[in-house]
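Scrolling down, you'll hit the structures one after another.
Paired with chain B in one complex and with chain C in the other, chain A is shared by the two complexes that follow.
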Partner chain A sequence: MRRTLPVALGFLAVALALYPLEATGYGLRVGLQLFMWIALAQSWNLISGLTGYVSFGHVVFFGTGAYTASLLVNAGMPWPLACLSGGAAGALLALIIGWPCLRLKGPYFAIAMLGLNEVMRVIVSYAEGLTGGGNGLSLPTLDASRSIYYAMGLVAAAVTAVTYAIVTSRFGLRLMTIREDEVAAEAMGIDTLRYKIYAFMLSAIGPGIVGGLSARDQGYIEPISVFPLIMTITMIVMALFGGKGTIWGPVLGAVVLFIFQEAVWARFVYLHQLLFGAIIVAVVLLMPRGILGVLQQKYNLPRTI
Partner chain B sequence: MSVLITPTMVGQVVISGLLAGSIYALVALGLGLIFGVMRVLNVAHGPLMMLGAYTTFGLFQRFGLNPYLSVLVSMPLLFLIGVVLQRFLVRRVVDAPELSSLLLTFGLSIALVNLAQLAFTSDLRSVEYLTGSFVVGPFAFSKPRLAACAFAVTITAGSFLFLRGTRLGKAIRAVSQSREVAQVCGIDVQRIHLLTFGLGSALAAAGGSLVAVMVAIQPEMGQVYTFKSFLVIVLGGAGNYPGALLGGLLLGLVEQLSSLFLTAQVNEAVAYVLLVLVLLIRPTGLLKGRV
Partner chain C sequence: MAPILEVRSAVKRFGGVAAVNRVSLALEKGRIYGLIGPNGSGKTTLFNCITGVDHVDEGLILLNGLRVDRLKPHQIFHLGVGRTFQVIRVFPELTALENLLVVTTAGYAEARGRAEELLVRVKLERLAGEFAGNLSYGQQKLVEFIRVLMTDPELILLDEPAAGVNRTLLNDLLDAVRALRDQGKTVLLVEHDMKVVMGLCETVFVLDHGEKLAEGAPGVIQADERVIEAYFGR
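So, the complex of A and B:
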């Protein structure tokens, strides 16, 4: 296991790197979106899976990144740099909002995050001079799907690698102690607020970059397309389905649910939301620990899976 | 904003704010009741309210029933729907971490909205009943808003008396204060939970029926009330009846005042800043306490 996993991952990486040479435009888009969802689900996992603080508005960092990157691209910055700036903007917002809100316990943090997303959408819609308001923002045309595919893949891999590094470090242990018992964590001398803010900022970088990349790929953004609550829920359900708090769970959940969505439920246009609602309810009631969580318990697998 | 703001305008805005706030309070009471008793944040609260609005629309359209009387139908109907939801779904996440109940009720929420789209289409509907305003001195009181406010206050007072005065109401409050002790005293906690979710849904339905006369009815009308209700119960203190009333009125006022002094589009942002401030300074809400 210890040997085969890196080798298998290496082969997978080579295959994914060669894929764009053969793929059709549609195939490329599917791969790119899959990477996007992996990065989003994994980023949510970083804050909520590890510390237990439910970020119920994580898409706010995606939207912030998308708008930051688009504005910078329109100002003449090269898109890779603009997308990285989107990640930085996400982290900055996480710092500003995390400093007050990560002191809140339980559902109050979730409410604060849900509200933050609503408010960012309102602010962006209102600041018409800068963002074009409800009319949205167009980016200059550019055919860079292949480069964006690689960039998305890199972000997905990077967020997963960061999660691995955190889970196997003292920092990760501190976060998980906070999740299990915050009072005990404080009694042991952990500066809980500081580590929660670190984790929150780290979890905002991925969505920020991915938001920028997605905006560059689409060529057009508007407030309702980059701040939808449903996107937060989708990333949560993916992480939950695979197993939150694990390293590979969010990846697994994103792959399975995304393929399922593309293959099956995109066909039911009128019942789309109803089916998604049913899937959410089923995941919550039937497997709240996720696939890997169940396997972990059953076969006594290591924590670092 | 070069327009001069006169005291009359401020007075008018305070009136509109209080009228709107009474509806927020009514809807949020239902959410706060459920949260106070079960610690479940019901994201589907707004969509339940939407069902109440459609009930009123349907009865008005089909039978010409007075929209205010239709509360007598929409409340029991949504009470039943709430009981069924609690019995088969929500019951199973009452003791789970908050993520489970948030997600489960969100799933319910989009399913309800989708069902409403299938059943009623996404067309905007309206109930043309009361229009116009009473004018008293320099102030205008919109008739539908005034009527809605009167009904909201009546229903709020009624449920307050129910919780304070009846044995069943006392049992609900007991479960909210301590489930274990309530159980030891012989209260059937599961039954109280059923009742609470039903009652909370019925209050949402009442709000839906009352706003049906004032706003366009469509499947997605409820979501914004979910968020507003969250705001109200945080402002007033979760599960605190007078608190919810205060929070609702305060939210209505803040929204109207920020429309006057800033612009209507930043309402939500102003309300949000208020929310974060209250969470930081007084996380228990302005009035502390339970149901």
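So, the complex of A and C:
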């Protein structure tokens, strides 16, 4: 088991790296979106799965990254650097809003994040001079789908690797103590606010970068397209479905639900939202720990699975 | 010798209720103190004020002569004050070993060595890899107790250590507390079991309605008219 997982991951990485050589344009688009969802679900997991602070506005970092990267690209910066700057902008925003908001407990934090996303969307809509307001921003045309596919894949892998490193460290265990019992964590010498801010900033980098990559891929962004509440909900559902607080759960959830969505969306344009809603209800009611959470509990698996 | 902990005229109000009202006490190093009083007399609130979970509205709390009444719980912990809770607060989805590892800032190898040693001391070494939430009540209580000892604190506050613990375990626990005292640690415990308090503590403080009613050796306290009245009424 110790050997097979890395070997299997190696083969998978090679296969995914070779995929663009054969893929159609549509296939490439599906692949990069899948990577994007893995990165998003896994990033949400870093703050919400580990510390239990449910972020209901995590797409705000995606949107912030998208606008930061787009503005920088339009100012002449190469797109890979602009996208990384999008990640930095996400982390900076997380620091600024985490400082006050991570003192809020439980549902109040979730609601603050929900509000924050709306506020950012409105700010971006009104700052017409900079962002183009409701008309959106166009980026110079560029065919870089293949590069963006690899970049998205790298971000998804990096966020998962960071999650692995955290979950297997005392830093990660301390984040979990916040979820388990924050009062006891404080009393046992853990500076919970500081740890929450670190986790929050880490969780904002991935969405910031993929927001930038997604903007570069689409070539056009507007406030509604990069700050949609449904995106936050989707990443939450993916993480919950696969198993929040685990390493591979958000990856599993993103893969299963994304493929499901692609398959169903093509056939039932109107019904797929309804089906998605049904999955949310079913997961919360029947399997609140997600697929991996249930397996871990049942078979007493280590945290690294 | 200067007291390790000094509480001076501490007041803590919740709305119109003074849960702790002008309480003063001083603890000297290397002794075991008891804090008793009827339900709602302010014992846990006083604990919370000392450990930074609550902040006093008036008065001072000094640790080795240093004011700590405005510090946060994690800061007070790192000044050498460890505590347990009235209701067990282990981290249920961390293993027993992990519950201990998260506490200390020492290097991993050192922390692990210390944690394993403590688990052996309370005979829980075979359950080190078990989720704390799956342990029995008494075992969780032990984990919570040794978790406090991970950083070798100078002052240890125990909130009802004997509650819900069977005789054998209780005796082990009391021996451990005495051993701590013999190492020069100071212990302050809240306890309802009078036998435990009388057998263990060298000085007892009595709280009633948030005020300190009496202070003295267990034998003296037991005979005090006001204490008897507070507990049993007239």
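Here is the rule we use: the second predicted complex is superposed on the first by the 303 of 305 C-alpha atoms of A that agree within 3 Å, B and C clash if a C-alpha of one lies under 4 Å from a C-alpha of the other, contacts with A are read in each partner's own complex, and residues count from 1 in each chain.
In this section, contacts are C-beta pairs under 8 Å (C-beta built on N, C-alpha and C of every residue); 3 or more make two chains touch, one makes a residue touch a chain.
Model, not experiment: these values are computed from the prediction.
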Worksheet item: Touching A:180, do we find chain B (first), chain C (second), both, or neither?
Response: second
Item to complete: Please work out whether A:56 is in contact with chain B alone, chain C alone, both, or neither, and reply first, second, both or neither.
Response: first
Item to complete: Could you tell me if A:188 is touching chain B, chain C, both of them or neither one (first, second, both, neither)?
Response: second
Discussion item. According to the stated criteria, A:115 is in contact with first (chain B), second (chain C), both, or neither; which is it?
Written reply: first
Worksheet entry | Per-residue touch tally on chain A - higher for chain B or for chain C | B
Worksheet item: Taking the superposition as given, does A:255 touch the first partner, chain B, the second, chain C, both, or neither?
Response: neither
Discussion item. One more residue to check, A:272. First (chain B), second (chain C), both or neither?
Written reply: first
Worksheet item: Given the touch rule stated above, what does A:95 touch, chain B (first), chain C (second), both, or neither?
Response: neither
Worksheet entry | First, second, both or neither for A:285, with chain B first and chain C second | first
Fill in: Contact residues common to both interfaces of chain A (with chain B and with chain C)
none
Discussion item. Under the definition above, what is the set of chain A residues touching chain B in their complex?
Written reply: 48, 52, 54, 56, 100-101, 103-108, 110-112, 114-116, 118-119, 122-123, 125-126, 230, 233, 236-237, 240, 270-274, 276-281, 283-285, 288
Worksheet entry | Contacting residues of chain A [partner chain C, same complex] | 170, 173-174, 176-177, 179-181, 183-192
Worksheet, complete the sentence: So, in the complex, the side of chain C touching chain A is made of residues 51-53, 72-74, 77-78, 82-83, 85, 89-94, 98, 101-105, 108, 111, 147, 151
Discussion item. So in the complex, the part of chain B that touches chain A is made up of which residues?
Written reply: 35, 39, 41, 89, 92-93, 96-100, 102-104, 106-115, 117-118, 227, 230-231, 234, 263, 265-266, 268-269, 272, 275-276, 279-280, 283
